[in-house]
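Read from first to last, the chains carry the letters A, B, C, D and E; within each, the first residue is number 1.
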Amino acid sequence: SSDRDNGDSKGSGSTGTFVFGAAGDPASLDPSLASDGESFRITRQVFETLIDHKSGTSEMEGGLADTWESNDAGTEWTFNLRDGVTFHDGSDLTGEVVCANFDRWYNWTGTYQNTTLSYYWQTIFGGFANNENEETPDPNYVGCTAPDDLTAVIEVAEPSANYPGGFSLAAFGIHSGPALEAYAADEASGEGDAITFPGYSQEAGTVVGSGPFRATGWNKGNGEVTLERFDDYWGDKAGVEKLVFQTIPEESARRQALQSGDIHGYDLVAPADVKTLSDAGFQVPTRDVFNIFYLAFTQDSHPALENPEVRTAVAHALDRQNLVDSQLPEGGVVATQFMPDTVEGYSQNVTTYDYDPELAQQLLADSGEEDLTFTFCYPTEVTRPYMPSPADLYELLRADLEAVGITVQPKALKWNPDYTEVTRDGGCNLYLLGWTGDFNDGYNFLGTWFAGYQKEWGFENQDLFDLLERASTEPDVDARTALYEEANEFVMDFLPGVPISSSPPSIAFSADVNPPTVSPLTQEKFSEASFK
Amino acid sequence: MSTKTTKIDRLAELTAQRESTAGASLWTEALRRLRSSKMALIGGVIIAVFIVLAIIGPWIAPHNPILQWRGEVFLNQNIFVGSRSENWLGLDHLGRDQFSRMLVGARQTLLVGIVATLLGFTAGALIGGLSGAALAFGGKIGRRIDTVVMRFIDMVLALPSLLLAVSIAAILGQSLTTVMIAVGVAQIPIFARLLRGSMLAQSNSDYVLAARSLGVRRRRIVTAHVLPNSLGPVIVQSTLALATAIIEAAALSYLGLGNPDAAQPEWGVMLVQAQPYFDHAPMMALYPALGIIITALGFTLLGEAMREALDPKLRS
Amino acid sequence: MSMPPEPPLLSVEDLTVTFTGRGRTDVRAVSGVSFDVARGQVTGLVGESGCGKSVTSLALMGLLPKKGVTVGGRAAFEGTDLLGLRREQLRDLRGSKLAMIFQDPLSSLNPVIPIGLQVTEILTRHRGLRGEAARKEAAALLERVGIPDPTRRLKEYPHQLSGGMRQRALIAMAVACAPQLLIADEPTTALDVTIQAQILELLKELVDQQGTALLMITHDMGVVAGLCDRVNVLYAGKVVEAAERRPLFAAPTHPYAHGLLGSIPRLDAPRGEPLNPIRGSISDTIAWSDGCAFAPRCDFYSEQCLNGTPQLTEPHSAGHQVRCVHPVAATGKEGADR
Amino acid sequence: MLRLIVRRLLQLIPTLAGLSVLLFLWLNRLPGGPTAALLGERATEADRRQIEAALGLDQPVLVQYGRFLRRLVSLDLGTSVQTGRPVWEEFTTRFPATVELGLTALLIAVVVGIPLGYLAAARRGTWLDVGAVSGSLLGICIPVFFLAFLLKAVFAVNLGWLPSVGRQSNDINATEVTGFRVLDGILTGEFDASWDAITHLILPSLALASIPLAIIVRMTRASVLEVLSEDYVRTAESKGLKRQVVRARHVLRNALLPVVTTIGLLTGQLLSGAVLTESVFAFNGIGNFLRTAIDGRDYPVLMGFIMFIALLYVVINLLVDLAYSLIDPRVRVH
Amino acid sequence: MSLLELDDVKVHFPVKRGILFDRTVGHVYAVDGVSLSVTAGQTYGLVGESGCGKTTLGRAVLRLNDITSGSVVFDGTDLAQLPEEEMRRARRRLQMVFQDPLGSLNPRQNIESILAEGMAAHGIGADRNERRERIKEILTRVGLPHSALSRYPHEFSGGQRQRIGIARALVLEPDVIICDEPVSALDVSIQAQVINLLEELQESLGLTYLVIAHDLAVVRHISDVIGVMYLGALVEEAPSDALYAEPRHPYTRALMSAVPVPDPEVEDRRERILLRGDLPSPANPPAGCRFHTRCPWRQPTRCDTERPELTDTGDGHRVACHYAAQIADGSLRPTSELAPPVLVDVEAGPPAGDGEEDEPAATVPS
């Protein structure tokens, strides 16, 4: 039996150590320098953002700011800060501290301006006070003022669909004032062969947030980050004394570690393990879906793909229901558009493409494109929340395509960097990819793909590009939602790719813990966790 | 007179048994010893079965190895349909016939082993042979050439072979060919060293000296005398290398560099794919695992038996 | 010469050794060898390569492998049958009462252990000497066999000694416990003539001084002529002729022994005469049970030679035994050269 | 002796120089290049150019190699592309794990392998011999990763006796001194930490030991068989020595000589195995890291680590040779 | 008329050692100045202890070893100066028979192929059949059945293998055959067969032999002239009978007295001259007379410092000893050190010497 046979000694009451199995090491303990999920999972427990999400949903709620509002133009965002928030170093949260954070990011120079270090800043706020590289976008951030101790006003140049959602991104967690000063002593460097993260981001001690946990240790030899409960936390105190994130790269190793009682939980459970684990008494709560998995066409890589009939035929050829039923965990659904139904802007009226191989064959025959051969890329050695086992999913889709007479040339590539690079450069006719939303706004999905010409899609469709541009700059939420619905319908008629499914990324916990509420954004708050 | 002849006949008869082995070359002798070895017998039978399967497997496979029985396998409910009458060994996680995949996989596995070993053997023997020949008969320049080549081989040897294979696979991208090349290249240094060492030993032997004193040309001494006599250990090694190749190919698959084409199932890939389902479908992993282990064992047994048979020290 | 008055030290009777390998036909390496070794005397065992000399000596020492070998017959050593002893009993005898020296002095010494330890270990085993006492005794032994500067040599390794010295060291070990029987299996074959002469001289010395009986195994008739008191000539695993040294060389009676002596180039013989070789080679043989194993190479054979194993007879003089139905007539020394 | 060491160390220089050229050329052939790893999923061409310029990858190969050499000589190995941390630091944090794992595996292989090989030879043809030989052949034929998986399934998951991942339990607050966990615990007196580290070592080192163990068993067996037929063993027997003395002093000692050499050569094998074992057991060592470095085109790490490994390999084999010459007087230098 | 003439031939093997690159740190003086001449149709025998350079000298004649200096004049041409390819062709007329009959035959070649090898190399015989005829002829000559053609070396007995070795040399119709210990690996009874065969062949084919052996009796039996080698140099050379009748060099005397004779009468009467110690290492030969460290007649100073030349003492008897004449006429007696029971004083070495001569060739680190 795989029940835990021990653990009581370390796990009872609120004093134990909660160990969570992570798939990789974090890149940085300073969230503003990170862009990967493993880092954010950790920093989210240590830092808080102005805007937070309601536990278990993608709905925004007050974070460090109780409330917030913007002017009508959507260019001035006022945050009314929570009273009584102290940082781990004992300093208080004030409007000035918030501004100091934003100004720090805005005034970054040198290596910090590299996308490796400031990806999210550049995505949400554009460039810097002094752009050192002509490719860096113009800054959209204008400035921050603190009219009083508990207010911060952030001004941006242009309205954008990124606001206010962007303020909830883990990358913009607020650091304590003294910590910011300490950072300055330790600069990032970028000469030589690679970019070196600044020293403070590589060890616990300097970074200071206001979250329920303090970062107290990063043992690289063990691949462990240790967090400890922050007893002066303004909200509900954490349920466990110590929280450890232990890196276990292999998926089956994580499962075995949970089964053998070495860890108390891990993320990205393979679909096949969900039932095994829950049958064995483990807790496998299901998240709401907030992602999309799709088959993309790179239209200018193959003339036939520019033919809408061919694209339609492919859509009809795919037995997406079978894929969802057989390969995805409970809660997976067939996708009708490039957006899960939880996102504002989801349309009920998109064109749908049922599984109909005869029709597909018919369409192919009609289009005059017979004996089609496509290169079909898929990644190996990777598990994404939307794509639990790429090779297997590929195998199912390939069988479908071949069933309607399309010849498939498989191309398996390592996820990083080969796959991302090759697909981005338009090196495949067909490929598999997906996206998990950062926050609940349609642009975070549609805008990512269809805001302009991209080699990975290989098409020019000015109407679509304009539509999204309009939606992006529309400050009114309802109007924006309507535009997204329109865009979704447009996209599904145009069919630049076939959305396949949304699947709930599974997370598993041992029986003896009260797990945190799972979040569709995969933003679990581990302060909610405790031992039974 | 006549009585004397009969006596001689009688003597000839009595001493005749000794002559019966006339015309047996060293290889024939080795083969005879091999035949009486139990290890060789077991290994040989395993390999024979494996080779037959590899050759006829794809034809006798009852199903297309990529044909999916849809609606039978539901990962999220741990449903794997067991052995139904048409699927003797059950289905895999995508609903494909496990038995057919094992049969077709035998061929792929053998192919990887043979081609990789052939590659390692050929390239290694070429490098080792040239180096050995240069050292033994090339005078001063030859010694230099040998030094350089062997330093090079030593450098490669200092790298863990799996890392070498992994990086070659990374350069070439994933395919069956890649696996074969990666595994084969990683074996080059061993073959090169072995052949060179063996040639060096042979080139100091008396019969090489004898050939030189006959005025035989150097090239012929190398090709007709030194080389054939040096091949024994290399051939033994190649049998063992076949086993290693099969296992290394499996390791590459494990590291995600195996042949991704499902139409060419290979036991290593199958094993790796099956591992996640081990808890509720252990057979899915056990079949390919046993396939690999038994086959590798077959080659290892034969190789070891050959080593013993060819070892002059153990000759009776 | 006549038989020694007292009972022999070692009396080998009908010793047979058969190798039985898996999947191979049995090899009868020694088939019924009988001979005696008298106290204080040198007994020779001569014969060509492969005739069973080494196997005989190993069988006496109990050094043949356990598996795949069948040993038959008796070897009474001071009244006890060596072949019937348990292994542990044999171990007690070996090195103390029975000792042996081998042909190749280099490979017979453990290359990674200093000479000193290799000598002292036998002293520890059989004479209970340890530490300094053992070392002193070992040095004295080395000194006695003619190794100069023995204390230094004790610390050296076999490869640091020359061939002659290695053989001396081996002899020192063999005589460490003043054995009653010393078996020397071709002790000089690997050595040069000048060194051989030294070693033979040393062995003679030891026999004279200690009263040790020496069983000298060799293929060199010259060595036999100079050293042995009694000689046994072996052919294909059987003694074909046994005699005191002088009678044997004066009148070799078995055609094989006769032929052997005729085929050796002699330093003192007049030059220019062709040698008289024996036909064929030692592998041209028939089983003793069918007849005389030497028959295929013999100039004198007849149908009678093939009527079963010929018996040992004493056709010319007492104590001169010959296993032949057509013994060569005694013609004196000249006859042997013909 | 000193001469030999100096000589061998000097011979290293051309080897390492050659290796650096080889590595450099070879790594340059890897497609993608380090930039791709640095860039996120949605970076632009411009981002790439920027990074390439920052890293100096837009310069000619020769210039890049020159720079690499200069840094190598000054022992500055650069920074890992994947983690942004200095290569040297990455190496030192991970090296102890691999050494600990490798040594334990080697220890198991030696401590079990030599007696087993010896017994198999001494009892040639018995069931023990047959068992040891076929067991060791089997050990070579089981893919390491599968064996590791099975070991975990049985001992960690089913029986719950041993931990399945990592180097130490998370609730152990061990003081770090050398990075070698077992040693640290002993040095600081935190014996429970040592013990905990040992329990974490057992399964991975068993998996890793499978092949070396098999090799050592067969090596020892063959070597003992050969020594048993040596003349000097016969001499020892003829001296009437006790059987134990003959075995220990005359047989085993000589039989171990070739085994010692093999142990040196096994280091390469161990590193190969470590690549697999470390990832299965989430053991944070260099094997695991190297593998991700290859995937991620982490040039600086690859260069630095592989140079170290090569150095290590050569040094270990040098040590083995020295050990050999200590045991075998014949190769001693006067 | 001398067919083969060696003049001051030296073969020194470099001893290499070094930190990074191998340096030559010394030499093994394997052959150190040997001059001799072999008359056509005769047999020249070369004896000496193991390691004294016999094999090296034999190989030097065929240039299987590099010759350090000196000349090897064969039929008017100096082989030492010949370019590689011409030397290869010259080997047709100079052949060799080796000590180890099995080791010198390629185990994977059958007899026909072994014997045809040299013919192919020198373009003898137009085609396979012609060669085979010739091979059969030779096989008959050396007393092997024609059925041997398709058999392999390991299927023959030692004596037969040596016959094959001889046949291999004979097919090329050489003028000179160098026999390096042709019988020492054979049993006594077989040895005689091979010796007889060699003699027969010489008679019928008019061959010239250079026979190398350590067995003085064998050498004396077949040679017309004998050279005695000690530590890389000839110490005495004389017609066979003369050498036996009157050995003039102390080493030859000792050697002669050490050879056992299969005759108890002789053995019992014999007076032995036992030498002390072993052959010194050729890497570090003693100064002066090379034999002085073991010589019972050694005289102070001169023997230790001055190397005696090989000088003719009449009747083609050449000796390299300062005191050969005195020893011969009995005016010089062996020094007391030799006094018979030899047990104690085995190690060589004058009191002044360092006694390193017993050092066997040390294993040189690679």
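Just so it is clear, contacts are C-beta pairs under 8 Å (C-beta built on N, C-alpha and C of every residue); 3 or more make two chains touch, one makes a residue touch a chain.
Here is each chain with its UniProt name: B = ABC transporter permease; C = Oligopeptide/dipeptide ABC transporter ATPase; D = Peptide ABC transporter permease; E = Dipeptide ABC transporter ATP-binding protein.
Nothing here was measured: the structure is a model prediction, and the numbers come from that model.
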Neighbour overlap between subunit A and subunit B returns D
More Cb-Cb contact pairs, comparing C-D against A-D, go to A-D
Rounded to the nearest Å, the gap between Cα centres of subunit A and subunit D is 38
When centres are defined as mean Cα positions, the distance from subunit A to subunit E in whole Å is 88
Dist(centroid_CA(subunit B), centroid_CA(subunit E)) in Å evaluates to 48
Chain-centre distance (mean CA atoms) for subunit A and subunit C, in whole Å, is 91
Among subunit D residues, those touching two or more other chains are 31, 149, 153, 279, 295, 297, 330
Contacts with two or more other chains occur in subunit C at residues 159-160, 283
The positions of subunit B in contact with two or more other chains are 170, 173, 255, 275, 278
Subunit B residues touching subunit E in their complex are 21-27, 29, 205-207, 209-217, 220, 224-225, 228-229
Note: in the complex, subunit A contacts subunit D through residues 1-2, 4-6, 10, 16-17, 19, 21, 25, 27-28, 35, 111, 114-116, 119, 133, 135, 190-197, 202, 219-224, 226, 242, 244, 246-250, 252-254, 256-257, 259-263, 381, 414, 416-418, 420-421, 424, 448
Subunit C partner, complex, touching residues on subunit D are 125, 230-232, 234-243, 245, 249-250, 253-254, 257, 327-330
The answer for subunit D against subunit B in the complex is residues 14-15, 18-19, 22, 26, 29-31, 137-138, 140-146, 149, 153, 226, 268-269, 271-276, 279, 287, 290-291, 294-295, 297, 302, 306, 309-310, 313-314
Subunit B contacts subunit D in the complex at 151-152, 154-163, 166-167, 170-171, 173, 243, 247, 250-251, 254-255, 268, 271-272, 275, 278, 285, 289, 292-294, 296-297, 300-301, 304, 313
